[in-house]
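For reference, the structures are reproduced in the following blocks.
Shared between the two complexes below is subunit A, which pairs with subunit B and subunit C, respectively.
Coming up: the complex of A and B.
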């Protein structure tokens, strides 16, 4: 029985029918539609207030001189594209863009390769397989700021275990977080560490979804090892891979916790990204207009990746 | 008739020997893999271990600390609880509040998007997907201005609402993909018995979808518990301090004594550890939350 038929049955079985059959039916229909809409109203309201409003507000703020004074006077004069010109023409901007790109690409490449190797490793069954894989998730579940705190202790120039170990082995200590030359590398390494569990989990479930028969058939044709990976695993994993990479980029672009916790954007802006700059402008210098301009640039970059991702997945669905 | 026991009988002695050797090699490979797995895991979890280790070393400087906490010293935890105990409770209240708000708002919407026919459904899903890509700093930037006017800065409800912003789209996507599998006939059966749509939803759909509600509840708890961006930006006076902000403040001052910092970090990790132990099977489902397949 179709849903409509069942609904009709329900309608007739209902005892209350005060008006004539047509009027009652219309009213019931209207009531049904209202009830359906009521299910989505709270969420629609929440999404409009918590996403729609911020995106629009952020856009308007970026064209205003919106400072701490605005909160007292209520005045935020329109300044056109001045905020964008200000943030883009600064010397620092090029640096933050390069840092953002290096941080994102470095993190994604590292996380993905290690996550993929681990997913392939755990795809084989062996004793304690499930328990070990589950424990791998721990770094992902602890708050990012906790991860940064732990790494701050490890990377501390004077007392951190990493430099203590290096010195014991006869190497010079490395100023991991205090030298402009290495700080970016250090935060990328920490971010890779934090991103591995996410990549491992998604890629592992992707591997689980590939039917064993494909490998059996492949083995008959002589496709084993690397050839099985390139001819069977990789093509079948493509959808999951695109999800992992797209989400990875979107998450990495907006990272704030790790950078603020480890280096606070320093030393000498060596680890400053568009996201940390946006925070700095809005909440440290209270130049909300400039902060909004920077975060709008960040949204555009994120959405560009999202569009690419949606096109890729759509094409895969169409195939 | 072919039974398993008969198979070796059909083989020559040579084949049997080869089979034995094959099994033995496979067995050895299994143990090698397990060994490698443990080595990888030790590498991966070293920072977590080190955090625990330092938290138990009273003196705090890692130079003087040993590799194993053979003589655990609880001073770090005493200081951590004295300084940050209240912040842990603040975080707990915010996280529980976020779970409640998220489930109440997201579950009915997920059901509607899964089971009712709306013309704009694909647009709604696209909007939800995109909303997940909006950086937290954008939301914070705009909410700061709004909260300033509504007197929601430095308030627990303010932080609950902001954290629910992260969790609601995620929750809708997870619960919707689960609720697509709820057979409409059982809901209609309840409706025939006279239940309204909301009653049918509460008494039929919610119990069936329990697992997806748990998944979303756990993740929204973790999101709110780990939240740093909103804690940092939507509080100004230091009256409402979630524990993530507490750790950040600890890190801000040059750290002279690591053990209370690490003790706080350990305490702030406890929800994650509990989640890992009791809810491991929900995690893979949750990981896909960001992505509509």
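Coming up: the complex of A and C.
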């Protein structure tokens, strides 16, 4: 990600070299400028249509009474902040906010720690390390809906392989998806499993960018093992870490498929998050205004993290 | 992430165009012969149909019936399109905003009134179609503000299926009362086998499965905080609490419940006749009884299921008339009977249902249940979805021990 950004800025900087003011040159210059603009047009169009329009539409929709009827009549009366008041004043709202926070923090911490450990592990060269590393990417390749269906079978209370294994080891079966106290933990575990490849890949490539000389020099000064990690690896990896964490937060906040596939927000709303509630309002209950209000709340939260991310990366570039 | 379809044009424009179309058509003159392809031609070449019968044999059976009906009403081609059940309404909304609604639309019966309320459906009365001779349930479900919007060729409901082999081996009789249901279920719970399985998911399916105990006990959807409803919640809770039903029922769809039954992991289940093809194929020796009553003197009441054919307001008057003919054809006595024999549904015309009962005595339990089955939208109309949400939320609160049966529904109403 950061490399791509650097490449992009590099490309922008170079073509501004001045050209001579003769007639043909000027015409060529003009043609070049047009070409440049033409190259940007599709991207700009895509951004406006694919990002700008839905965001604006979502915003206006959240202030409207937008229901099934609207699709047929085109009538969506303005209702001010009623939709926001409705969704926030519900008993369920506090619970979904807490669940969203727990789910996000739990997933990120788990994914990051395990991803980091695996990245460090694979950074050392040993036979078959490439094959093994590729195997760890598998969760990334499996369609989410398939992944969640498989996990639903694994976590089934009566016949799930996990409980069968626990029972043969002499433990009591765990009500993974049927107890409101456990279900949130279960979906966090599954989401950690899904997020490991992303963390592993980015952190691993970050590790490879750290020059070996630093470690050699550090070793001469007696910095090995943990000391090498804290004094060499961690500071050099900071830029990648901040990218991984920020993107992780934004991705995790909006996770929907896993939760719908595993618990559908249940049991008794124990795994309901802002994202699942937004989906539920819009596409199950067809209260599009309320659904839009919830997803706007989610956008604002994501935006807060994005701003923090931009500030952090800008500071790093300045350094 | 949440993107909504834009409303492209106002429906009014469509309606205005619709009003103009016949004039243009009339000006062209109707007897232009076989000039297919030209928009001005008076004959209807093709009709598009949308439903959610994606799986075979249902998809091909319905497809055959549609094209036969098409031929009989003089339409050359019937384009049959199926989308998965949960996405049907979304698809219809997309089509409504892009003015591409099908000529004939199948709707699940509890959705009819909600869609009719938007003005997207044409009242069938306009085409001289009525529902005389139909069972009261299907009629009520398709009627909105005194007008009929759909005709349902077949209906279904849910009853108790029991595995005859397992019950006879354990010397257990199919239950007639809640007490018998509880004791039978307990007796049949051995090792990895549960006595009873049902579906209690946090969605409309879970709410639908709660209706037999609720309605049979005299509970009513207009007031969910009555003792009758609380007793029904207690029944579900008792079955799960004493281990006669798996705690996983809160995650089991009706298909999952059927899988458990087929695998011999449940001796009895609450399910519908659409499972019969699978049960027969797997050679399960099963019987059915209506949902048991709580106290003597009560009658078993189950919810009405099944789908109706409707005519959307596409604006093309001529096509809409042909579409109405197609709906009518799908509901002839012969087609109702054919559909019943193919697909595990019961004819909705009382006379045809009686005939079906004589031809297939094994389906008698279902025929009787459908005759008295109650439509979910019968009392609440388009307000049903909100109530269903309260029902399934309350049910989940009780089954997970978050609320007592007496206050679960009130808690669910507050957004539990």
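Here, the second predicted complex is superposed on the first by the 287 of 319 C-alpha atoms of A that agree within 3 Å, B and C clash if a C-alpha of one lies under 4 Å from a C-alpha of the other, contacts with A are read in each partner's own complex, and residues count from 1 in each chain.
Methods note: contacts are C-beta pairs under 8 Å (C-beta built on N, C-alpha and C of every residue); 3 or more make two chains touch, one makes a residue touch a chain.
The structure presented is a predicted model; accordingly, all values stated were derived computationally and were not measured.
Look at subunit A after the overlay: subunit B and subunit C clash there. Greater residue coverage of subunit A by touch, when subunit B is weighed against subunit C, goes to B.
Shared-chain residue A:261: touches subunit B; no touch with subunit C.
Looking at the shared chain after the overlay, A:164 reaches subunit B, while subunit C stays out of its contact range.
Legend: residue contacts after superposition of the two complexes on their common chain; A:44 is shown touching subunit B, with no touch to subunit C. Look at A:239: by the touch rule set out above, it reaches subunit B but stays clear of subunit C.
Contact with subunit B, but none with subunit C, is seen for A:148 once the two complexes are overlaid on the shared chain.
Once the two complexes are laid over each other on the shared chain, residue contacts for A:136 go to subunit B alone; subunit C is not touched. When the shared chain is aligned, subunit C comes close enough to touch A:270, but subunit B does not. Of the two partner chains, subunit C is the only one that A:284 touches; subunit B does not reach it.
In the superposition on chain A, contact of A:73 is made with subunit C only, not with subunit B.
According to the touch criterion, the shared surface of subunit A, contacted by subunit B in one complex and subunit C in the other, consists of residues 54, 57-58, 61, 66, 70-71, 152, 156, 158-159, 254, 256, 264, 275, 278-279, 282-283, 288, 291-292, 295, 298. Those residues of subunit A whose C-beta lies close enough to touch subunit B in the complex are 1, 3, 6-7, 9-10, 13-14, 32, 35-36, 38-40, 42-44, 46-47, 50-51, 53-55, 57-58, 61, 66, 70-71, 118, 121-122, 124-129, 132, 134-139, 141-154, 156, 158-161, 164, 193, 196, 198, 201-202, 204-205, 239, 243, 246-247, 250, 253-254, 256-257, 260-261, 264, 275, 278-279, 282-283, 288, 291-292, 295-296, 298-299, 302-303, 306. Residues of subunit B that touch subunit A in their complex: 29-31, 33-34, 36-38, 40-41, 44-45, 47-48, 50-51, 54, 61-63, 104-106, 108-109, 111-113, 116, 118, 124, 127-146, 148, 161-162, 164-165, 168-169, 172, 184-185, 188, 191-192, 194, 196-198, 201, 222, 225-226, 228-229, 232-233, 244, 247-248, 250-252, 255, 258, 261-262, 264-265, 268-269, 272-273, 275-276, 280, 283-284, 287-288, 290-291, 293. Per the touch definition, subunit C reaches subunit A in the complex via residues 1-7, 9-12, 89-90, 93, 96-97, 114-115, 117-120, 192, 201-203, 246-248, 250-251, 265, 385-386, 389, 393, 396-397, 399-400, 402, 414-416. The touching residues of subunit A, when paired with subunit C in their complex, are 54, 57-58, 61, 66, 68-74, 76, 90-93, 152, 156-159, 175, 177-180, 254, 256, 263-270, 275, 278-279, 282-286, 288, 291-292, 295, 298.
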